[in-house]
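Each of the two complexes below includes subunit A, the first together with subunit B, the second together with subunit C.
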Partner chain A sequence: MSITHDEVIHTATLARLRLTDAELDRFSRELARITEYMDQLKEAVEQLGDDDVPAVRTDSRMTLRPDHIEQWFDSSVVLRAAPDTKGHLFRVPKVIG
Partner chain B sequence: MADHPTTGDIPTLRAQRESGAQTARAVVDRYLERLQARRDLNSYVLVAEDDARTAAEDVDAGNRPGPLAGVPLAIKDNILVEGQPCTCGSRMLDGWVAPYDATAVARLRAAGAVFLGKTNCDEFGMGSSNENSYFGPAKNPIDPSRVTGGSSGGSAAAVADGQAMAAIGSDTGGSIRLPASYCGVIGLKPTYGAVSRWGLVAFASSLDQIGVLARTVDDARSVFHVIRGHDPRDATSRTDPPIHEETRPRRIGLLREYLEEGLDPDIRAAVLKVADALKEQGHDIVDASLPSARYALQTYYIICCAEASSNLARYDGVKYGYRTGNAAELIDMFEQTRDQGFGDEVKRRILLGSYVLSAGYFDQYYGTAQRMRQAIISDYTRAFVEVDCLLTPTAPNCAFPIGEKLDDPLTMYLVDVYTTSVNLAGLPGLSFPCGAIGGLPIGAQLIGRPMEEDLLLDLAGQVYESVRPTITLASE
Partner chain C sequence: MTSAIATEFEPVIGLEVHAQLLTTSKIFCGCPTAFGAVPNDQTCPVCLGLPGSLPVLNRDAIEFGIRLILALGGRVNSPNIFARKNYFYPDLPKGYQISQYDRPLGEDGAVEFEFDGERRRVRLIRIHLEEDAGKSFHPETADQDPDTLVDLNRCGVPLLEIVSHPDIRDPREAAAYMQQLRRNVEYLGICTGNMEEGALRCDANVSVRPKGSSEFGTRTEVKNMNSFRSVERAIVCEIERQIGLLESGDEVIQQTLLWNESRQTVEPMRSKEESSDYRYFPEPDLLPIAVAPDWLNDVSEQTPELSLERAARFVREFGVPEYDASVLTDQKGIADLFEDVAREVSDAKLVSNWIMTEVLRVVTDRHPSVETLPVQPPALIQLLGMVRSARISGKIAKDVFEIMLQSGEAPEDIVAKKGLEQISDDNKLTELVDDVLNANPKEVTDYRGGNTKVLGFFMGKLMKASQGRGNPKRLNEILRERLGPPGGEQKPE
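So, the complex of A and B:
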């Protein structure tokens, strides 16, 4: 079941993307084809045997670094990259209309 | 006599510099001259002339000794170099300056390397042709009407064209190997976790890996040996040592699923020629199979889009990067910023990723893809009981004309058909030129066990001279 035009509108809202009508039409067509292609996977996975799918990922490994404070940037370095700031704060348009 | 930038390699450079035959500054000047003369290829989005000359003078003053002293390198523009802009080929980061070095860059710097600039790439690494760049497509130096491959297209073109001795790229689903194949250079995508991702702008974090593009196998190895190794700043960085056993006959599997129907007969013949050359070196060539490999592409695009939609949520116009100029309210600002800051392919993947993670579709798409990813890993694990590495084509085609696939995203995705399973399984993959069709290079791919990059480099090194095509660059 491929993605519908309405689902693309809903997904764009979730993803905080404002799309023009022309973009919505084009993306709906393209994504419908792509999700149709992706749908082939479901049937293939249903045919997998249990030994194809180990319960625990065997390749994952994570090594967390020691939990200690490290000197990093001064906050002014970070703030310099922001589009708008005031003092030590990021400034944004009003949140509540 | 100094080498031309298109033919120099790291050992020759080192010997000439150490004997006093030429200075690092003179070498860097020659490369800068070359890349300025070839600006029409759009390989670089930033040329750091002053920084490069200063760094070369430091090498000549004896202040920067190391295995890569004075070696002129290019860095893909999604990897941070302190003090230099890093755009990721996106309007979203146009003008943003990196406040620190990526670990790979810091290691190259400590090894004496000189950075010429930042190379063009598909926006945030999303693309197979380098046409999805805010700065326009990089052009193939062999035929500028054709794509370089992507996403590390600028890096591959710069190396092929003598605009850098070697380059750093990143590979999420083939983004080093594919452009290496299309531009006729060597491309190494290391084991996931072999090279730190600290300072690589995230696209799909479980797949992204920094690697090397070079003109010789030895140069690829030299650069890789500098950038690899554990880094506590990347929690997925591996702590186990690389494996490099003595040279001995190996069993090499010809991957059946990647050589069957639909493959261009010239590409199949070129890959089989590599198998013959390996056989002549004393290795066994056997048949190998990965039954789940035919589903790698669907699996890859679900997982990479899901991860991209999450990683790219950070671009909201608040902390850094582009912000729209005409929004009255916060949500309006988010939406307009992201619509204006991102290009089409990035939006497409954010939409796909948000969709496959959304309520009602998560199990159908993302959950299913994770199961298939495990099946692919299991298939590789089983294959590597029988063989030491696998041989495949890198791509189903050679470099195609710019614009040919731009209106058909699904067809564009299909060029990654032989590379994505390697990222899903976290394995090392090496592409090297093994033939040509009408002057356009063909790439062969060797896939190895985790941390066995050196075996892949050894094997490629044994046959490279006998299989490499003669490549003619487009005239200046």
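So, the complex of A and C:
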């Protein structure tokens, strides 16, 4: 399955990414290879029959968490890990307007 | 809307409401949900979207959702499935919001409410769980920081999204629907319902169509309404805008608009996620949620009485008028207070009048909710008990209530300390009446000449002379007795 430049541009716009022409070529090729792999998996599922390979185990029970507070760390640790901050806030480039 | 326009077009309105759930911790991690903390202090690797962290679902978030679904007569899906909704925004650090898509927690059901004296029923499409995003601060003026600042404390706070069918036909009805939903979530104890604080948020889907048409017009989505009043105003504004477009031969285009509270207008949203290409897919980090029948039964059995049922019961059980019952049940705390006090004081109308005037005045003016009111049921029972047994007058009771609010003292103590007890002793009252009559011979002559209006003048003097403590009913009787029939010949002794 091929991925067109328009599809890559659309996806990049949603992710707020600006791509050069060279990157467009590269991602079209790489994304096509990823979707081809998905097609391959689909074929494998078809050969095995749907029931044998559930995407999630439907017989397992998910563990739920009781509604208790468990604090991890104070904000200074979090903020130290950020590229840019102002006071206790993260600072990021303006995204709208 | 002018009436000419209103008769040609019919608005069609559906609402999407987000209710912030009252869990103590977030939906997928143990961070606290408390409002007003130091920015970014209530975060962890899970809600910050750090690599390698995994969400673990909060049981109460599911249970709160089930409470609402069952209370509104909806169906709980088992299993229900979480999905990723992908979009880019700095207040969404993972790059996706965990929400529900194909299999929401609940479907169907309806919100019933009173509107213009009629019972209305707005059907629901779905009720699903999702996590909230953080909060961005954008520069508003040129002298502010040109960058965007982000607080991620709200990331991962559980939300319930309640989506209605487009069953609403009037902006006022939309506000009434919101009010009822607010009462319901408050009665169920799952959300504060406070719109101003963002605990309840509303987006409206609005379209108009020629009256009598069965097809829907092109709809727009209006966001950013922060009060019940602004829900109504924003929808009115959008209906007028759409009708204006159609009447001048233009088309309504499908878009998202923001309500501007200060300018009272709707404005096209700036290019946030203009694309609604959210690329939903099942959340691989969470298994489908099976809701065991036992769990449903437990929640169902614990479903409390909601406001409309409670209002009906107040009319039936306490004999208060329907109007009183609807005012008393508007806030759960007020309804609880009324019920506690009315059971003890055994004069429900007295209690109702008191709560609707004195208590609600204070709750509205000085205390945001009845919970913060420094007067608890036992104190109010004592106070109104004294009014009922005529130990203090209604007027004195209001003064005592004010002192109770200030000092928190018991009404009995205030009355004893300040000597406010009502004077009901006939000898004392007769003495008071005679003093007033002797001091005002002209008015006595007027009364006997047939001018009964001076009775009010005498009562005023009597209340003043007794410092408001004279039993007004007895004073009035003794006064008439001593004055004799108006226009009569009897003389004062």
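As a working rule, the second predicted complex is superposed on the first by the 59 of 97 C-alpha atoms of A that agree within 3 Å, B and C clash if a C-alpha of one lies under 4 Å from a C-alpha of the other, contacts with A are read in each partner's own complex, and residues count from 1 in each chain.
Everything below uses one rule, namely that a residue touches a chain if its C-beta (ideal position, glycine included) is under 8 Å from a C-beta of that chain, and two chains touch if they have at least 3 such contacts.
The shown structure was predicted, so the numbers you read here are calculated from the model rather than taken from an experiment.
Student: In the superposed arrangement, does subunit B or subunit C reach more residues of subunit A?
Tutor: The partner with more contacted residues on subunit A is B.
Student: Answer with first, second, both or neither: which of subunit B and subunit C does A:F27 touch in the superposed model?
Tutor: first
Student: Quick one: is A:L89 in contact with subunit B, with subunit C, with both, or with neither? Answer first, second, both or neither.
Tutor: second
Student: Quick one: classify A:M38 as touching subunit B (first), subunit C (second), both or neither.
Tutor: In the superposition, A:M38 contacts subunit B only.
Student: Which of the two partners, first being subunit B and second being subunit C, lies in contact with A:I69: first, second, both, or neither?
Tutor: Once the two structures are laid over each other on A, A:I69 reaches subunit C alone.
Student: Just checking: does A:L48 make contact with subunit B only, subunit C only, both, or neither of them? Give me first, second, both or neither.
Tutor: In the superposition, A:L48 touches subunit B alone.
Student: Considering only touches as defined above, state whether A:R16 meets subunit B (first), subunit C (second), both or neither.
Tutor: Both: A:R16 reaches subunit B and subunit C.
Student: After superposition on the shared chain, which partner residues are touched by A:V8: those of subunit B (first), subunit C (second), both, or neither?
Tutor: A:V8 sits against subunit B, while subunit C stays out of touch.
Student: Determine where on subunit A the residues touched by subunit B overlap those touched by subunit C, and list them.
Tutor: Subunit A residues touching both partners: 14-16, 57-58, 61-66, 73, 78, 84, 90, 92-95, 97.
Student: For subunit C, which residues are in contact with subunit A within the complex?
Tutor: The contact residues of subunit C facing subunit A are 23-25, 29-32, 38-45, 48, 56-62, 79, 86-90, 95, 137-139, 145-152, 270-272, 275, 277, 279, 282, 284, 286-290.
Student: Which of the residues in subunit A end up touching subunit B in this complex?
Tutor: Going through subunit A, the ones touching subunit B are 3, 7-8, 11-12, 14-19, 23, 27, 30-31, 33-35, 37-38, 40-42, 44-45, 48, 51-54, 57-59, 61-66, 73, 77-78, 81-84, 90, 92-95, 97.
Student: Per the contact definition, I'd like the list of subunit B residues that touch subunit A in the complex.
Tutor: 96-97, 99-100, 192-193, 230, 232-233, 235-239, 292, 295, 298-299, 301-302, 309, 313, 316-323, 327-336, 338-339, 342, 347-348, 350-352, 354-356, 358, 364-365, 368-369, 371-372, 374-375, 377-379, 381, 409-410, 413, 425-426, 450
Student: Given the complex with subunit C, which residues does subunit A contribute to the contact?
Tutor: Of all residues in subunit A, those touching subunit C are 10, 13-16, 55-58, 60-75, 78-79, 84, 86-97.
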